[in-house]
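Next up, some structures in C-alpha cells.
Okay, so chain A shows up in both of these, paired with chain B first and chain C after.
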Partner chain A sequence: MDHQPAPPLRDAAQLRDLVAAAVRENPVVAVSDPALLARLADPAADCSFDDLGFDSLARMELCIWMQVEAGLEVTESEVLDHPSVRSLAAHLAARG
Partner chain B sequence: MDVAAELARCETTADRYRVQIEAENELSPAEIAALHAAASELPEPSRAWVDKLAAMCRRIRDPIQPFRRRALGPGVSFLEGSAAPGAPRALVVAFTGVAQRMMLPLAPFLQGLPADRCDVVVLRDPNRLAFLAGLPGYAPDLPALAARLAADLPMDRYAGRYCIGASSGGAAALAFGPLVGARIALSLGGLHPRCMALRGAPAEIDRYVFERLREAGPRAATRLVCAHGADFLRDCVRSRLLAMTVPGSEVLVVRSVALHGVVAGLFLRDALARFLEQVLLDGALPADGAWQP
Partner chain C sequence: MPSDAAPLAAPLMARVEAVARAAPDRPAFIRADGPVGYGPLTRQVRALAAQFLRAGLAPGDAVGITLADDWTHILCSLALIRLGCRQVGLPWRDPAPLREGQARRIGLVAIIADAPEDALGGAALLRPDPAAAACAPDAQDSLPPIGYGELVMATSGTTGRPKLMIAREPMLLDQAARIAGFGAVFLHRPSFDGNHSKRLSYRSLVTGGTEVLAHDLPARDLAALVARHGVSRIHLAPKDLAALPDALGAASWPAGTTIVTTGTRVPQTVRRDVQGRLRCALQVVYGTTEAGIVSIAGPHDHEDHADSVGRILPGVAAEALDDAGTPLPDGQDGLLRFRTPALVAGYLDDPEADAEYFRDGWFHPGDVGRRLPGGVLLVAGRADDRMTLGVIKIFPAEIEAVAEGFPGVAECAAYPMASAAFGDIPVLAVVPREGFDAAALLAHCRARLGLRAPRRVVVVPALPRNAQGKVLRRELAGTVAP
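Now for the complex of A and B:
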C-alpha cells in the first residue's frame, strides 16, 4: 500500500470541473435548481457559493470533499476568499 | 470566544463565515444552546445558522449535554462532563479529521456522547498533517501527547479510556489508543497517511510514524476498529487498506451509511448517540462485523 497522493492539477478548467463535482456531491446542500445545475455544468459559466445556498457547514464539507476525494487540500480560508466555483478553481490553479 | 460580539463586528460574508466556522469547531452543546437562546441579538444572517446548529444538537439527544469547555493548549480542548465526583467516568480522546472536525460541528458530535459518563478531549492538528507531527505547541508526537494529557488531566479519575478519530484523524486514533491503554480505538472512515494529500507536509515527514510507534510500543489490549459506511465505496476501500496496516485490527461495517467518515451518516440516520454509546463506550461490537443504525 504505497499510494502517492495525486499530483496537483494546475489546469483551471479541470479544477473547475472538480470544484463543480464537489458542489454536486455536497451532503449538506443538494443543488436541485435546473438553472444552477446548468451553470455548474457549463465550463464558461460561474456560480457563487452564496447562489448555491452554501452556508458555513456546506463550505466545510466542500473542503473535506476536495481533500479526501480529490486529493487537493483546500482550507476554509481559501473557500471564503474565493467564493465562487470559477474563482476557487482559478486560485487552486495559480496556487499549484 | 464571544461569538455574538465577533459576528456583530463582521463586515463581509467571508468574515461572518470565518466566525461561524470557528464557533462550529469550538463551541460545546451548552454554548450553542445559549447562543441560540439569544439568537435575536445576533446579526440576521447568522440566526438561521444558529437555528440549524441547535436543531442538530436537539435531534441527536435531549437534553443538551452539559460539557464544560476549556483549552488545554493550542488545538486541544477539554470538555468536562457532568459525572458526580467519585462516580465512574470515561475519557474519550477524539482526533479530528479534515477541516479539523469530527465530520460534524463539535457541538452535535459531543451531543452524541453522554456527559454523565465521560469527559472528552478534542484534538485539532492546526498544520493539517494528520497528527504525524503531533500537536504543535502542545506535544511533538503521540507519545508526548500521552504524557502531556497525563500531566494535564486527573487520569486516575477515569475508569476507562477510549480513542476515536474521523477521516484523517482515524490512523492517529488507532496509534494512540495502545499508548494510553485505551479499551478501544475507533477509526471512522480513516485512511493511511500515505494516502492523504498533506499539502503542508515537509518532505522529510515520516508518513509511517504510526507503524513505528506500534512496533516500538507496548503490547496493549486495545481493541482496534476500522469502521466505514457500507454504502460509501471509497471509505470501504480506504478503511480496509488501513486495517491491513494495523495488526490485530478489525473492520466494522456501518450499514445504510453513505457518507465519508461515518459520523454525518449516523447523524442523518438518527443513530449517532446509540453508535457512540454501544460501539465506543460499551465496546458492544456486533459479532458479524456489521452495525445496523
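Now for the complex of A and C:
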C-alpha cells in the first residue's frame, strides 16, 4: 500500500499538517485559490473551514479521511466546534 | 410445499430407461476410452442395483458414497436412485471426522467405498463391483419397481456448521429441459464428485443428452476436446470462466459452444470479456441450493444492467419485500423471496435456520434486489454485506462493478471499516497487477459512485475465499487493517 497509517500523533504542528492534508485531499471541496493554498501550507497561518467552503458533506469526508488515512476518529461536531485547521489540530492534540 | 402438492412426474430412472429403449446406442457418456450408450448404461445400473439389494440395501435407505473413481461413482449414484435410496457424497478429500459426523447426522446404513476405513459412523461397508456389473445378465426382473431417489446436499454459507437438505427428484432435475436447450452434448468441470455436477449429469440423462467426461485440462486442451466431440455446452465455475480468455492465449475457442456458469454475481466485465473474446453465448444461472434456478442471464442481459441476473423463469415466483414483509412493486429494492417447483422442504434438523430461511412456503435467501417490468430480476447483493455510511446504503457489488476492469485490478472486494461516527466506511481490497494506481482507482470510483465510493484502497496478495469461492468479507474486515 502506498500510504501506511501514521503512528499516533500528539504534536499540534504535525496534526496541523495532517488536517491541512485532509483538506487538500477532500473529494467534495477542491481548494484551488492560491491564497487559500498558501495559508494551508503555512504552519503559522490558519484557515477556517467556512473560508474553505466546507459544507456538511465536506466535513464528513474530512472525518472519514482522518480515520482511514491517519487512524484518528473525528466526529463532525468536533469539526463544527473547532472550525479551522489550526483549532481542530489543537483540539486533537489536547484530546490525545 | 409446491413439489409435494404437484403430481409426481415419472421417476428419473424411468425417464432414462425410456431413452435407453428408444435409442439404446445413443451415447449417454463419452469416456476417454469411448462412448457408453444408454442401453449398456442402464443395464449396468440395474446390475449394480441388484448387487446392492443382495448386499441388504432396501428402498429408502440412506447411503454414503466415498469413491475415487468418477465412473464407478456415476454408476453407483444412478443405481441408488433406481432403488429409491437417499444418497450423500462423502468425498475422499474431506477429513474422516467430518465424513463421520455427516454419516451419523444423516443416519447412513451403508457407505459405498473401496476401503473398510471409509465405512464411518457405524455404517456398513458396501463394496461395488462394476466389472461384474458390466458383464452380468440383465437384472430387470429381480428389481423392485423404479423408485424416486434423493440426494443430501450441503451449503456451507460463510459461517457456522453446514446446513443439510434433502433434494428430491424435482430438485435433482430442476430446469433440465431448459439447460438441455443450451446444448445436448456437454461437459463440466469439476468432476462428478459434487452435488452440482451430479445434478447436471442427471438432467442430461433424462433429456437424452451426452456428457463428455473430462478431467482437469489446460485451456488449450479443453478447447481441443470441446471441438473433437462437438460439445455444444460447457459448464465452468466463475473463476475458471474469468481465466479462460487469457489462458487460451492464441488458441481459438470452438464456435457455437455455449458457456454456462453459476453464481450470484459474475462481474459484468467478465461476462462481456468472455462473450467478446471467445465469441460465444454465455448463460449465467442465478439460484440457490435450496430453491434451484430462479433466472438465467443470457447474452442480451449482460449489457443491460450490471446487476441483472436475467428474466425470472416460467413457473418461478420471485418477489422483493419491504421491511414489513409486504411485496414491493416493480423497481423497488427489498429482500427477495422465491418459490420454485424445485424448492426443498427445509433443512435437516435445523429448525432455527428453517424459521429464518423458509417461511410461508417461500425461500428467503437474504439477497436484496428488485424486479423490473417484464420480469427481469436485479440482485444488488446479500443483505448481510450491505454497508451503511451515515444514511447511505452501499452494496459491495456496486463498488466492485465499477472497480473491476479498471487497469491494474486483477480482483477486488469491497468491505466496511467500522466508524463510530459514520457506521461503515467502504474500503476496497485490490489484488493488483501491472500498472495498478491506487489514487487513479479511487478517483475513478469517486467520479462514478460519488458518496458511495470506497475511501481507501488496500492492496492484498489474494482475496480470502471459502471452499465455494465466495469472498469472505468479514475476514477482510477483520484482518486487513487499512
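Assume the second predicted complex is superposed on the first by the 89 of 96 C-alpha atoms of A that agree within 3 Å, B and C clash if a C-alpha of one lies under 4 Å from a C-alpha of the other, contacts with A are read in each partner's own complex, and residues count from 1 in each chain.
Simple rule for what comes next: a residue touches a chain if its C-beta (ideal position, glycine included) is under 8 Å from a C-beta of that chain, and two chains touch if they have at least 3 such contacts.
On a predicted model such as this, the values are computed, not experimentally measured, just so you know.
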Chain C versus chain B on the shared chain A, clash or fit after superposition: clash
Partner chain in contact with A:72 - chain B first, chain C second, else both or neither: first
Broader residue contact with chain A after superposition on the shared chain, chain B or chain C: B
Chain B versus chain C as contact partner of A:63, first or second or both or neither: both
First (chain B), second (chain C), both or neither touched by A:83: first
Which superposed partner A:50 touches (first chain B, second chain C, both, neither): first
Contacts on chain A seen with chain B and repeated with chain C across the two complexes: 1-2, 5, 27, 57, 60, 63-65, 67-69, 73, 75-76
Residues of chain B that touch chain A when the two form their complex: 13-14, 17-18, 20-21, 24, 48-49, 52, 97-99, 101, 103, 105, 128, 167-168, 191-192, 194-200, 234, 241, 244-245, 259-261, 264
Contact footprint of chain A on chain C as seen in their complex: 390, 417, 419-422, 425, 427, 438-439, 446, 451, 453, 455-459, 481-482
Touching residues (chain side chain A, partner chain C) in the complex: 1-2, 5, 27, 57, 60-61, 63-65, 67-69, 73-76
Chain B-touching residues of chain A, taken from the complex the two chains share: 1-3, 5-6, 27, 50, 55-57, 59-60, 63-65, 67-69, 71-73, 75-77, 80-81, 83
